[in-house]
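Letters A, B, C and D name the chains as they come in the text, with residue numbers starting at 1 for each one.
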Amino acid sequence: MSESVKSIAVIYGGTRDEGNTEMLAEQAVAGLAVERIYLRDYRIRAIEDRRHAPGGFREVDDDYNAIIDRVLPHDVLVFATPIYWYGMTGVMKNFVDRWSQTLRDADRPQFRGRMRAKTAYVIAVGGDEPRLKGLPLVKQFQHIFEFFGMKYGGYILGEANQPGEIAGDKIACYQAQRLRAELHER
Amino acid sequence: MSESVKSIAVIYGGTRDEGNTEMLAEQAVAGLAVERIYLRDYRIRAIEDRRHAPGGFREVDDDYNAIIDRVLPHDVLVFATPIYWYGMTGVMKNFVDRWSQTLRDADRPQFRGRMRAKTAYVIAVGGDEPRLKGLPLVKQFQHIFEFFGMKYGGYILGEANQPGEIAGDKIACYQAQRLRAELHER
Amino acid sequence: MSESVKSIAVIYGGTRDEGNTEMLAEQAVAGLAVERIYLRDYRIRAIEDRRHAPGGFREVDDDYNAIIDRVLPHDVLVFATPIYWYGMTGVMKNFVDRWSQTLRDADRPQFRGRMRAKTAYVIAVGGDEPRLKGLPLVKQFQHIFEFFGMKYGGYILGEANQPGEIAGDKIACYQAQRLRAELHER
Amino acid sequence: MSESVKSIAVIYGGTRDEGNTEMLAEQAVAGLAVERIYLRDYRIRAIEDRRHAPGGFREVDDDYNAIIDRVLPHDVLVFATPIYWYGMTGVMKNFVDRWSQTLRDADRPQFRGRMRAKTAYVIAVGGDEPRLKGLPLVKQFQHIFEFFGMKYGGYILGEANQPGEIAGDKIACYQAQRLRAELHER
């Protein structure tokens, strides 16, 4: 698991700068060369399900393809999202939903295979008992990663409400440090 | 639970007309006076988390408030969503995410209390073992409804891939009929 | 899925005669030749974990081996248990726990392979919101079946408190009828 | 949460001495006065469901009542169980199942109320992806504690197969240390 340096992308689903999720995820990748993708900086339209429509999916005029092309080269994906209503943010969900289109995109025929080769982590922070009520999100990602055959490297559920409060979640911070050590070794 | 007629809203999260989810949900409300809300027909922006920002949330130029004002008068809410990547659609998630703003909306101070008084149902249809892999979505809604103190009336997980295929899921269709009987009695 | 008749075992975890779980499971196998195994009629000792002990597991003086030898020949296993404290009964759990011993039993070297070839169903009845609070049990069985590579044919969660009350759970009864049709076709 | 010393019971569900679960739980209570209850040292019969039988439950000739009387005086309960087949051990499940009898025990009319006042923790160690596949057990205990209205203080899922291996699960060990700090403060 360590012979060569793996490249890492952090996909941020949060909607404000320097949120608790970002603070926690940054602990996990401190000192590592990572590509940070802030979904909020892009225009990502909701998918329109045209799997069964004549002509299939249409080209969409937004930033989605640019983002997925930044994601695909990396070996490790860290999905970092605040917990909104016990799930990933709508911004991140819209990004994930669009994968159904990429699965049928003639310009990206290797999408499924490239996703399969990755290891994924989830970092999620919420204010309402995240270690219990964040579990559906943990499971949802498990099903997503299983779909591709990706390895689920692990997850961190942090608890915070006020800005900066994540620093007080010692367990989540410790997990972030351990994840950092694990990513360093890769 | 039956002395008077309750009013019902069906909130559709799907992104195509006459999808399997819609077919299933329509079985559950056939012959009932319901308000149908197709989220895909509206422009709903992702929330921008400004709970802790100076000035708080800003007014957003989209259709969200018009929708929530259609939802609030009803006693029963049916959340009907295709299962995209083991969760509700991004369209529906963006709608739900915005509730955080409404919770702080001085123009809608009774939001929480009015939600609390409702009974909610979930109807979700997916193609990849929904009765197992749709369970995180079932649980996510449970946490959402518990947040408000809403009653979770029940859920239906249907299985379908091709258009119209839901008719072959006899158990889901039977559940829809039972739900219809239950809603009639109210 | 139908070329030949498959043989079916129903493994009952309940501790009283003619309980709601049994009534529901019997609907699912009515008219079928099934082997009924009432765990309560046997003496099954709790496992003693000796995986790492010198000499490994010891022979146990109880009925477990007789039961597992009744189970193994069948193609379809129906685990039918009342929901006690949001899980399978302790009686059934002790039976399942002993599988760890059988996995190392030189007299039953094909245990794992034979289990792998089976299709399993779960029928569970509880009184406290089983369709929500029975979900951990549904997931636990999923992990158990995955361990062997067994097919998870499906599950039925019924609601009943008083004796006989399961007859009023129309959805569970309908699911039992559908399961019966499915088992007939095999 | 700290004005006075609370008393703590650790309820061990494991079936061998000095297992990984015990090692982990002992880290969480090191230096604290705790009562250790090793369920394997007692004879606990499976419940016989006689809630609806004439005469109700019968007195059972085993050690269960002696154990529950040791448990009840404590403010904090730590349920420490190896993960067997993705659940608590059958030994612990038989103990929990018997609570249904105690709920109807005229000699222990305060059972429910006394349980309600407690805070409970779960420590569980398994060898097969416990942080994912141990989640049904975490949820099952959540439902159990909710039944009484007990506070769910938290859970630790540790990973270990070989004896002593838990020492290598740095995150679980750190969580145990944090739990110890939390219990000290009480």
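Please note the rule applied: a residue touches a chain if its C-beta (ideal position, glycine included) is under 8 Å from a C-beta of that chain, and two chains touch if they have at least 3 such contacts.
What you see is a predicted model; the values in this text were computed from it and never measured.
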{"item": "Cα-centroid distance, subunit B relative to subunit C, in whole angstrom", "value": "35"}
{"item": "Shared-contact residues (touching 2 or more other chains) in subunit D", "value": "135, 139"}
{"item": "Contact graph of the chains (line, ring, star, complete, other)", "value": "ring"}
{"item": "Interchain contacts (touch definition) - all pairs", "value": "A-B, A-D, B-C, C-D"}
{"item": "For the subunit C and subunit B complex, residues of the former touching the latter", "value": "131-132, 135, 138-139, 142, 152, 154-155, 170-171, 174-175, 178"}
{"item": "Subunit A residues within the subunit B interface of the complex", "value": "14-16, 19, 40, 46-50, 52-53, 82, 84-91, 93-97, 99-100, 128, 133, 135-137, 139-140, 143-144, 147, 162-163"}
